[in-house]
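A short worksheet on the structure shown next.
Chain naming follows the written order as A, B, C, D, E, F, G and H, and within any one chain the residues start at number 1.
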């Protein structure tokens, strides 16, 4: 209930059109729309057109199809992450325009176009083994309405390759750095750019990489000051975060 | 060596003012200023006036004073983090204008004024026990040239207190959330704003908080999509990161 | 051996009907029924009709069937947890009335009706991915003789959805909160109700969720005072615990 | 703002005593008391007289005194946990009636009497080394208005001592079990009673006890079904929880 | 080379039957049998007839068959642990008398009879889920020449069942306690017997049992003094250890 | 209550000297001495003269003195572990004959002599840094009535030193191996003797020794079959265990 | 751009053959070949003929074939690690001379011969279960141009077997020690040789070996001074390291 | 006993100068010097003049003085690591020529000069906070007879500083890289040199650095192939290792 709606209601009470009991009832019947709760949902309205996101892990193809159909009616773009090829087959039988990124395991349904900022997001990855996270981040960034530059296979053990792409990294508005094993790339890039760096540890590696923990700790302890971190393999979260920044 | 300096040098060679040997020597003697390395240091020039930061932990007061004096000559602002009162006494004997934030354990030396963006950073903390991290973040954000709004003691166990401040949080350009124990505040706020949220786990707690690990893991696993995380107790890093975003 | 049985025995000795040797023998032959041990087993008698519980993990269908048949003769209800569909097929071939909850992986055999308290247990879960634990808790609570209210998909990242159900949660006698990832829901609900909250971390998540450890630590460190915790994915234990409280 | 206060306000508007602008202002100025938020704070009113709790760790004596004075004006009982003797000296200089439990490190200020249920809480501890947690739980339970029975030094390595107290444990409405090292006592008691058992691991031990982790894990994995767990050394949380149950 | 063989050799040198060069050669050619190394291998001769043990994990059936054939020629008994049914099929095709314990995953080949002590080993296990470790320990103890008493399903949550078997446990020369989940059984039995207790944590459990770590830590922190621990699921090691003690 | 005492009681009932009510009362008043519980405490009688052990950690000198005085009256030997010099000063002021082992931090009070077996316990330690555990084990073994041979500074990095003492190690009835850092000594000795080896990891080391965890894991994974393990730094437990075996 | 190429360029400028603009352009167009970057890539030239290494894990056979074809054109030897038999089938269909080491899971393509030093690398392994790492190290060492001596199954539990091979170990220029379980072999060998020892923990073991962590920690804490460590199962890294040392 | 000494002994037996009993006795009395054990101690003779090393942690000044005096008589150089200023005062009172490195906490006693190789060891450290490890490594390398080049404060966050020193790093025979926090420097340098890189994680950092574990894991997972790792803060071990390589 907006402030002016409240004033109208009170006016009605004052003028006798509305009984006190009815006014009280009306106020109670307006859950989440009273003045305070309006604040809570306020930012949702800013996100019109934003894609709805379905986390596909541990859901059956049928469950995901059901959710997709319900969300599709709202007219928003749809992003399904961690989707297997079987899920895609089910979804694409119903939504012919659905696209599958096999490496990133994402399904995307572009329904409406979102306004894009002029700036772009750089996605930088240490090795080809990290590509599954790169692609998840890439598809997420695209459907959220961003231009993206991907730079892959620029690990710190061959640092001259990184320098060849430095300009494109430094000109981005926000940089996503994706690396497994020792995750050192985040610190190196963090020292070379003055933009926000969002680091994504990947579960690439073996032994003492502990499924990405080594890279995670490395990134959390980065000696470069502008680095923040998301969960292991969370390409989606990094891109969502980067998109918010890119749209600021 | 800038491109035009290089051209001048070549001109000298062409005109015979400079011998080839001297030219080669000059190029080799100009480390970090050759054309390619220029890219590497390019962003440094964008940071003119940025404060120099000294991590005070495990350095003696004399060492810190020495570094401070050297940096002071460059004319930049100076921020010393993790500084004890003893360090402050040493620094303030030499730099009368140095200010000490006892809770945040920071020393600041404001020499030049940095341009401030119109937007502000919100720093939100769960409990009064987290104040030492709040203050480190606060001083860092100030000296980096930002307006800051602090909102403290709005933990999730009394969520109505949080809602009272929701508007100020939602209107920030970037939000720093500081919480120890279970660190749930990051997720709750992440679900209420559409701005980048930088979460700082604190080492507040005991037993199974494991010095901040519980809060760290909680934040890394946040179900809210716009949350990224920095190291435990790293108020400085969060504010540095937020400042970059606030200046975008 | 009850106190009066003991008196009868002594009376027999006194009157000469029973020899001293026979009396000693009888006492020794009555293991677990002597006066002190009676205390140990005392509470068992309070649980007449309580379902017998079989933990199905790592048992073959044949082993489970064997145990079920033996327990069935006692006339108690039976609950089998962590049961695969194969186990159900074996059990239902013999016990037609056995019911399977595929999501919760439970088999239940309702033989007798237990008296239900007027109060109810609320089961609240953060996401649809947590449903497998919700259903295990639900079936357990039902067969232990409780009314249950299930509220699902009210995670903290969309906190307004939680408030819509607040009344039903606050009116429960005891609340089970089930959440994976960062497990923040337990703290939020713990701050909103004045009833015992039993938190169940789930293994839902990836990367730094470490199979439920992040949620577990989060819940153990809850800043809300009325929260206690059971093992990861232990829907059964939570419901058993809640049922004891609901029957107080 | 209660429903009848709202009706009075509307009555004032209707009758012209209160202008519409004033009414809107009044509603906005009454944060947390609007109709919907009433639900959120509903249970607070049930807790009238409940002690306010101050977590004393990492607060100075002056800070704690300040908070105490503010809370004291509300007329509630006050409990300060993790309080050093220095804090007590500061508090008792101002509040003569404050009592200190040196072992439990609690300060209590009994201002009003709370109604006590007829039932009682049993606090059972494995060893004398666990007494610091026992006392914290004990003081907490007392000030929350409970009768308490303490049974100490009944570890599983001398299980006959435990049986001597079995009756008093089995007759409690809720049992708190406090144990360090291997924490086995929780499982043993859980198997002997049919009441809720709240287990508190303690940090007593050395080496592979890892500051209470061994006991914590042991308790979380209890094969007895009615056991739930709180944080290491969290005597306060266990007693708070037990008090809620004892007052059901 | 034994001392008297050395004397004979020297005698030959003295008497001229053996040249000095031959004597030196002979000494060098007798690796591991010189006087000092004799000490190293001394205890091996005490173990005549002891079974050779093959750890079957991660070896192919063919590799295991090859090793078995080589060891069989020495005339010792043979024990293969962690053997699949496929391995057994390969072994039994060649050695008809080989016996398979499917639960314990052991293959045994009894060739010679070992002298048995009069005393026996008690193997006590908490639950039926621990039987795979019980059986590995059982077969190991048998082939090492021991009488064994197995007592299963006497977990601490139903402690009266344990007491029914107390006499048989107390009369053993050494007790193996096998338990998963919280592993409390080791402490309880350690407090009831005055014999060496060898505790085996099992990987039975889920969630915070962490594959047996909870039980392992519990056992290492046992408050009962006579308990020592072997690796998770190491039924073989416990029985080997117990057999050494039983033969003292 | 022994069997013959029970017969006497029944005789009295039969003969009319004792009323039935008195007999029942007497039986109930004899806790832990009824027929079944006799089994529980049976082994205690075997331990007559065994020292009472007080774990001194986190107890005040006064508390320890109090416990000591109470135990002293029973006429048993007394062992206080983890005792500071301050505790010793308090104890020795009252008990002049108390002896302090400063390295092992033990106080011993020899009151009665225990019968010693002919065999001995070997205590072998890797380095001089492990001596604090060696001495705790040594004093424990002595007061429990054992001959002991100590062999120190025979780490695996200088394995020839170990061989010099091999005979004395191989002739022991049971061997305690104490080692920090990588704990390899347990495996090496386990491969050289055919006696039970009880391994004690020590917290000696730094960095990735993690307070003894490296040695603990190393010992638990020993490839030598006769090795079992006790808690980090638990010299007392190892010696208690070894003493039980030495007295078999 | 080498120094003399630069001189030639400057000569051209001086003599007027090359315009200043062209010279600047040429310098900018020669990325990674300018004077400073030359340093960065300097060591690459020393590695002419060195095999290119492809980490085969998580790459498809097609991807690996593609990379192999591209690298093959450079004329270098090729090593593919962590390669499945399927990958080998794809590679060998195109490159007939490719060889597969099934145990070590390596594919090697020897194109050119590398000069071998006179010294050799010793690879020592504790058990036959470690052979998969031995073979990866072996193939790596061979293709990098080294003589290798393999010594397997010399675990510390049968230390006399190790001594039989001591001479061959002591005469190596560098020793690779491969061991799982408790990893003690590294310390024992480290104490017996005065050459660099590179220790490789393997994931062989179960329970508290934690996938190689026990061996890793053991090796990092080695009391022998000349031991350094690589990642769990990293036979390739150890051999690469050893080869660098062997070629010094 | 060397081969020729053995021949002489046998000659004496043959010629009758030495009785057989004396010969046997002599052989047994020569422990560690028989033919086989000679191999074990063989490499010791190669280390003549090598400093004796005393690990000073947890030893008293008196104990260290005692050991020093004993070792001093052998005429070797002496290195004491982890030595406090108090230890130095005690040592220097007796050995005036002892030198103390306060930062590295080492005491060195140069008695004889060791031959130095022409090559040198490079010690590279990320930050000034790592200097305590740098100095321990430096003093160790010096006393073991090496030339050393120290390069400090070249962390990856300011990578251009590293490049300024690249030549000196690339020309070393072996490189020690010392870094805390995220430890990325090891990978970057490992990618820039073709010499063995020994990485030392330091315990510098806070929060999720976990006392050096983050750097340790980072280094173990280095994507650069020539990197091996020693324990956290183990500057001594790294330098010892590097010295062996430098002397090859």
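The definition used in the following text is that contacts are C-beta pairs under 8 Å (C-beta built on N, C-alpha and C of every residue); 3 or more make two chains touch, one makes a residue touch a chain.
Quantities reported herein were computed from a predicted structural model and do not represent experimental measurements.
Visitor: Chains touching chain A and chain G alike, please list them.
Guide: B, H
Visitor: Could you work out which chain's C-alpha centre is the most distant one from the centre of chain H?
Guide: In terms of C-alpha centroids, the chain at the greatest distance from chain H is C.
Visitor: If you match contact pairs by residue number, which of E-F, C-E or E-H shares over half of them with A-G?
Guide: C-E
Visitor: Counting residue numbers used by both copies over all numbers at the interface, does the chain E-chain F contact come out same (over half shared) or different (under half)?
Guide: The interface of chain E with chain F is built from mostly shared positions.
Visitor: Taking mean CA positions as centres, which chain lies farthest from chain A?
Guide: F
Visitor: Measuring from the mean C-alpha position of chain B to the mean C-alpha position of chain D, what distance in angstrom results?
Guide: Chain centroid spacing, chain B to chain D, equals 39 Å.
Visitor: Suppose each chain is reduced to the average of its Cα coordinates; what separation in Å results between chain D and chain G?
Guide: About 60 Å, centre to centre.
Visitor: Please work out the Cα centroid separation of chain B and chain C, and write it as a whole number of Å.
Guide: Averaging C-alpha atoms per chain gives centres 51 Å apart.
Visitor: Which positions in chain B touch two or more other chains at once?
Guide: Within chain B, the residues that touch at least two other chains are 31, 36-37, 40, 159, 163, 192, 207-209, 213, 216, 220-221, 225, 231.
Visitor: Every pair of chains that touch: which are they?
Guide: A-B, A-C, A-D, A-G, A-H, B-C, B-D, B-G, B-H, C-D, C-E, C-F, D-E, D-F, E-F, E-G, E-H, F-G, F-H, G-H
Visitor: Name, in rising order, each residue of chain C that touches chain B in their complex.
Guide: Listed in rising order, the residues of chain C that touch chain B are 126-127, 155-159, 181-184, 186-188, 190-192, 205, 207-210, 213-215, 217-225.
Visitor: Going by the contact rule at the top, pick out the chain G residues touching chain A in the complex.
Guide: So the residues of chain G touching chain A come out as 31-32, 37, 40-41, 55, 57-59, 63, 201, 203, 211-213, 216, 231-234.
Visitor: Where on chain H is chain B touching in the complex?
Guide: 128-129, 159-160, 163-164, 204, 206-209
Visitor: Mind pulling up the chain E residues that touch chain H in the complex?
Guide: It is residues 3, 6-7, 10-11, 13-14, 16, 20, 23-24, 27-28, 31, 34-37 of chain E that touch chain H.
Visitor: Would you pull the chain C residues touching chain D in the complex into a rising list?
Guide: Those in contact with chain D are residues 36, 39-40, 42-43, 46-47, 53, 163, 166-167, 170, 173, 192-196, 198, 216, 220-221, 225-231, 236-238, 240-241, 244-245, 248.
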